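Sharing a structure, written as structure tokens. Questions coming.
Which chain is which? They are A, B, C and D, in the order written, and residues in each are numbered from 1.
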Amino acid sequence: MTAARSIIERILGSLGASGIVRTGAQRRADRLARLLRTLISERGEASGAALARQAVALYQGLDAPARSHFFQLLARDFSPDRELVLAAAKAYHRDPSPENLASLERVAEPARQEVFRRMNMAPGGTATLLDLRRHLLEEARGHPELTMVDHDLTHLLASWFNRGFLELRRIDWKTPAAILEKLIAYEAVHEIHGFPDLKRRLERDRRCFAFFHPALPDEPLIFVEVAFVNEMPSEVAPILALESVVGDPRRARCAVFYSITSCQPGLRGVSFGNFLIKQVAEDLRAELPNLKVFATLSPVPGLRAWAKKALHKSASAEPLRAKLVALADDSAAVPPPELREPLEGLAAWYLTREWSGGHAMDAVARFHLGNGARLERVDWGADATPRGRAQSFGLMVNYVYDLDQVERNHEEYMNKHRVVASAAVERLAKTVEPLFVDKPQLPAPTPAAER
Amino acid sequence: MTAARSIIERILGSLGASGIVRTGAQRRADRLARLLRTLISERGEASGAALARQAVALYQGLDAPARSHFFQLLARDFSPDRELVLAAAKAYHRDPSPENLASLERVAEPARQEVFRRMNMAPGGTATLLDLRRHLLEEARGHPELTMVDHDLTHLLASWFNRGFLELRRIDWKTPAAILEKLIAYEAVHEIHGFPDLKRRLERDRRCFAFFHPALPDEPLIFVEVAFVNEMPSEVAPILALESVVGDPRRARCAVFYSITSCQPGLRGVSFGNFLIKQVAEDLRAELPNLKVFATLSPVPGLRAWAKKALHKSASAEPLRAKLVALADDSAAVPPPELREPLEGLAAWYLTREWSGGHAMDAVARFHLGNGARLERVDWGADATPRGRAQSFGLMVNYVYDLDQVERNHEEYMNKHRVVASAAVERLAKTVEPLFVDKPQLPAPTPAAER
Amino acid sequence: MTAARSIIERILGSLGASGIVRTGAQRRADRLARLLRTLISERGEASGAALARQAVALYQGLDAPARSHFFQLLARDFSPDRELVLAAAKAYHRDPSPENLASLERVAEPARQEVFRRMNMAPGGTATLLDLRRHLLEEARGHPELTMVDHDLTHLLASWFNRGFLELRRIDWKTPAAILEKLIAYEAVHEIHGFPDLKRRLERDRRCFAFFHPALPDEPLIFVEVAFVNEMPSEVAPILALESVVGDPRRARCAVFYSITSCQPGLRGVSFGNFLIKQVAEDLRAELPNLKVFATLSPVPGLRAWAKKALHKSASAEPLRAKLVALADDSAAVPPPELREPLEGLAAWYLTREWSGGHAMDAVARFHLGNGARLERVDWGADATPRGRAQSFGLMVNYVYDLDQVERNHEEYMNKHRVVASAAVERLAKTVEPLFVDKPQLPAPTPAAER
Amino acid sequence: MTAARSIIERILGSLGASGIVRTGAQRRADRLARLLRTLISERGEASGAALARQAVALYQGLDAPARSHFFQLLARDFSPDRELVLAAAKAYHRDPSPENLASLERVAEPARQEVFRRMNMAPGGTATLLDLRRHLLEEARGHPELTMVDHDLTHLLASWFNRGFLELRRIDWKTPAAILEKLIAYEAVHEIHGFPDLKRRLERDRRCFAFFHPALPDEPLIFVEVAFVNEMPSEVAPILALESVVGDPRRARCAVFYSITSCQPGLRGVSFGNFLIKQVAEDLRAELPNLKVFATLSPVPGLRAWAKKALHKSASAEPLRAKLVALADDSAAVPPPELREPLEGLAAWYLTREWSGGHAMDAVARFHLGNGARLERVDWGADATPRGRAQSFGLMVNYVYDLDQVERNHEEYMNKHRVVASAAVERLAKTVEPLFVDKPQLPAPTPAAER
């Protein structure tokens, strides 16, 4: 378990070497690391919980420098031993017996994982590990060697926050204020301006659902906000309006997922959104049979940035190109009505034709298309805020979740690298084809290679 | 929702191409295995939950032969690839970089683990996996190759049933009948004869606590039964007596852990008992400050079998030996009062001096001593049932949990291979020393080697 | 407040008179009565709860003789003052002003009522009052003067146990054992033989519902047992059979209320059954739209006793009369098949034609007909137990609750003194008309007089 | 049941007389009154719940004029019949038998009470009755005849909201927002400025408790706010300060009840405050043994108004009198420091010497002294707001709840008409004696007369 040493030592210098004056931060980090080593070396569990409690308390007492040092120790001293790994791999290669496999698994799993499992045994352990990962992610930006610690923690968290362990709860005005307060703080898409604003979003023509984990009963992991409306909406302001009339959910035709927010930085990369949207859609369909359409009203965050680059590169001589380039270059410009059609076309093209690493280039598109949604409509002027114009010329789009089609759509998207879009969107995309005439219009997917 | 069908059928469609005549059981097992491969090969999670649901349903529909076949497939087809493992190990050996470590972990982890994680996403997934493991353990008896499947499932379950995720609940007469019924069914130490018997064990001078996991809210994992008494008990019958007078817990001096039962065969080897006993002892100490002694009244299941073997082997010419040999040879014999002292001595010797693989030889001793308990007293005639006589000449013992000493005791036991016992027990052990004069009395622990 | 003295003193003799040696029981009762007088004389409430606690404790400590004495004191010393009442009534007669009405109400309400309201303030007060009334009812049998105490307590309890304060709860196998145990103890119609028997009655083709009061959260007040079957049943044994196959409630056509039990003797005369049956029927109709018939399978407890008397009195010379007389005289006789039709006729006649005090003569009929049920069918051989034969020649009947008709049926029954029965039952009743030829067949209701 | 007619008709004029055109409001009120008559005339309960539901719906549909008319009908048509009352009273006077008493009670209880009991059976019935009473109280201001309706409803509500049926709940930040929102709306003493302000009042050095009734689970009836501080406070601002440091409740010596608010206008006159304060004090004493003082920081709402009147009337020639008169005449004046002592003296005098109808004159004093609290201290400048100055020259006082003394204090106050006050307060009162030299300093209580 002293592997990975050389590379890290190169980065750290001779951390902890004798003769070097150590700081208080180092000492505290070292102390915790020693405790953790004891924690995982105990064959029995006699003192497990007590030691775990101590470890958690020590960790929580670390200041930023001590924490940095501690993360380095986790990377350096709790990785698999190179020699043992090689020996076990050779043995398994020679004879893939259960014993050899067990040995391999034992030596190949970094001791960090057991560290984290043991820390989780303390009261508040799970919350502490999420906190640890949040700091780790920040620290890892400048310290790539920490990605291996993060890799192990993510592996564990993904296993622990398995969908089978999550609880879907409806959030309403009867929910404890301590939880509502967190929704207000976390909301990432359309800011919630205090409790009265939130209250409007919890009236009977709105819904809010969140996933919780039993070990964090007061902490929403992700939540989605839904509005019941008559028609698939083409702008967001009416949904957010505080003074709007409260409608009757039993008469609504359309459920709009107008906001979805991941709450825990410590769970970045552990994905629940797909499960949440589908579960909510299924539940609502069962409760309110009048609902016929489940759709989003979503931003297109990468549109203008892409358009700027792509239009500059374009060899097209179309006069339109110049106008669009001028608009794309100015993040504060108000999109003129006469450019509505080409801008909608650009959005359609961008979302259906532009890929990156086997996925749709746009982050939001990637999420919904990957979930099996269909790109349904481009909405001109849907988000008239400066941010909306800077991101996407004020355009938004609707993705539709047709529960009977999501698997097939997903299949198309994943395996054939084809975006399922409405005929209208397809038509829009075609209108801007001349602008990109030299460009291969479709990716040439070799699925095996991209996987 | 019928979309998933065609896709899955497409996946399953190319079954039986090999031209070999396969049984129905094989076909069903193969079909499930193929589905599982799809389940884990999905890059996104779009169809995850739906496929998981189907996988769980398919598994639940397997009969015994199909299940056997399926287990074989899990062992054969979901293990790490030997070549990939070797290559990754070599790369990591050459350069233990984060990337190489990540690769190593990815290829060394059997795909089975992801299979189980995905199955867990289905409603009822966790219960299904416990059921699967129960069958797997039975099947593995005759099929050692299945231990590698079990190894992976155990690894996951130990991680999921981490103490930090367990909920300690008090069981009393207000507990739902559906749960009480299970306690009656599961109780492994002192049979519960229906609800009225159980009711007596839940009166205010008794307590019962169980661990639950949030994914199995109605399934106790392990439970412990406690009696509040004035003195550390030397026989079990008064505790179990249905018609005994209900005492006042605020006046009791001693809490006796008189029964502890693991409920889930599917969790065999995932240990909670240590946590349960200590947590309960701590909670009771806080609630009832009058409690001064936390003790067990425990069987010594291996005593007679060991004594028989050891006495036969003994070279001692003591006349006592012959009498004891005669008694040990007859599992139905009633231990005569005149042999009380030597039999108590044998028990003390057996529990303090006999080791096996670095642990106390007796299974119950191993559990409590490993938890840091102290062997306090040998109780003559404590269990006068035929079973009690056959196991241990009717003797039982008390282990004491002194919360301020358990860590030190545990340390003694684990690191110095010394059983912490009362002076009385030590004296008893010495009385039979002449019988084992040729035998090395203490193990010569080389801790490093034994670890 | 010293009214009602003379009459009671006549009965009691000189209870409490000076110069007479008083017993310990008397002393304890007197002490409680004095405390109660203080309790209600406090103008403020400063010591209310403390005194109430004391009063409840004193009451609970009374033995039977002291309790008897105490009840007498409640009757004697806590009644309205005759002079004050008369004066207030005269003032109100002269001028029915708000002030005079308030005075009247104040002096006409027995001080006992305030006593009970104050006792209710103590923890466990409500339960104590129910217990008090249970004893009071027993005591009142030989002491008619106590009916005035009972009248006041009943008045209060009826107000407190108002339907608006009751909670309807479904009882199932997840219900705490402490409550299930009470159902087993209380069941008055078809004995429940322990937990396994009860469990069968809580499977998914059965239902059990109870009313609870928030002040007695663990005490069912009344419960009803329902079975889902395909046809309106004509015998009770199949419903009670422990080993019967569990059916699918979503396919059942008929919900049978096969047992309804009032649990609290202290609430005798405070009626919930009507509310319970209708609420349950409404809820089940909403949950299981397949249910078309809501019926009972009910005993006819007064049939044979009535028949015996009526047939003896009858002047009819029909040869049938003699046979029926012979059968009615023998409570152990097995009703012969050839008498099936006349016996069914007798039951139909009895239930539809025999009235007493403006109500159906039969107690069970009174309940269901008063609730607005329809008498649907007479079931030959439905209850073949000795008790069934002794009560009603083994006959039972079905009452049907047609929720859209109950108000109209009730109206018929209450105002027109007409039993709503099926055509078949009407036909049966006519067949025995010759036996009662001299008897007025229908009551001549003068509703005003009977009210 | 047509009593009380003449007097009301005198007031109402010829309401409902034939030949008069009736308004729509009258018609709707009449319709409801007829329905209620049916509701209570039903001998059985067959249609009870249905009719009750209808009655509640009809009531809720009444507009203000119809409601006024309906209240008049409740007063006119649902009072006891004069003749029946007189006859029953005479019979009871002649022979106070149980039967005659039962008759008396039956005819003397206004039919309104049964009306309200029946309305309560409908879902939402209790809330409707509270709403009805709220309107009734408003209406009764100009219509004294309605006090008899109010008298009956109050009688019922006092019985239904008996302490024994109330639930004490702690309010904290985990309480549903829907309830917290109501606290913000209801708070009557120190306004709560939105959720963040409330949150500070729910931190761990603050407490909030409320009584709830099971029929209104989301409606606080009364709530009290408590602060844990080191010393009995002499001003309120530090307690309310939003940004104050959160203290450790385990170290506080004093629990201050700094705000107590009755929430339900419909329950005016039904008193819970006494029970609430004592229960909370008892519970806190058990939980936090460090708490030695339970005190209030209370306004003296009637001080200046009384002082103005009393000083004007005073015959004293003290020069001080003129200064005080000038100050008392000006509600906006800032009390000058040199008048501190005489003003404190006035407050002490007012609270200890001024009685009205057997009670302390000051409303807040009446409440706390009636509960058995001790007047402990006068706090100069405790409430520097304009309102505080206008009411009481900016003075506040502390009442102390000494749980072991409250009964004795209460006794003193109720029976001896003596205010229990600290020596300091007594001294203060004496300092102003010269101002009231002609005035009898102590009431000469003839309790019987005052009762």
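To be clear about the criterion, a residue touches a chain if its C-beta (ideal position, glycine included) is under 8 Å from a C-beta of that chain, and two chains touch if they have at least 3 such contacts.
Worth saying up front: this structure is predicted, and the values here are computed from it rather than measured.
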**OP:** Return the chains common to the contact lists of chain A and chain D.
**Re:** none
Original post:
Which chain pair is joined by more contacting C-beta pairs, B-C or C-D?
Top reply: C-D
**OP:** Give, as an integer number of Å, the spacing between the C-alpha centres of chain D and chain B.
**Re:** 62
Original post:
Measuring from the mean C-alpha position of chain C to the mean C-alpha position of chain D, what distance in angstrom results?
Top reply: 39
**OP:** Starting from the mean Cα coordinates of chain B and chain C, work out the distance between those two points in Å.
**Re:** 54
**OP:** Two or more other chains in contact with one residue: find those residues in chain C.
**Re:** none
Subject >> Complex contact set, residues of chain B against chain C >> reply: 173-178, 180-181, 194-195, 199, 218
Original post:
Tell me, which parts of chain B touch chain A in their complex?
Top reply: 1-4, 6-7, 42-50, 79-80, 82-83, 85-86, 88-90, 92-93, 95-98, 101-102, 104-105, 108-110, 117, 120-123, 125-126, 144-145, 147-148, 151-152, 155-156, 158-160, 162-165, 167, 214-215, 271, 274-275, 278-279, 370-372, 406-407, 409-411, 413-414, 451
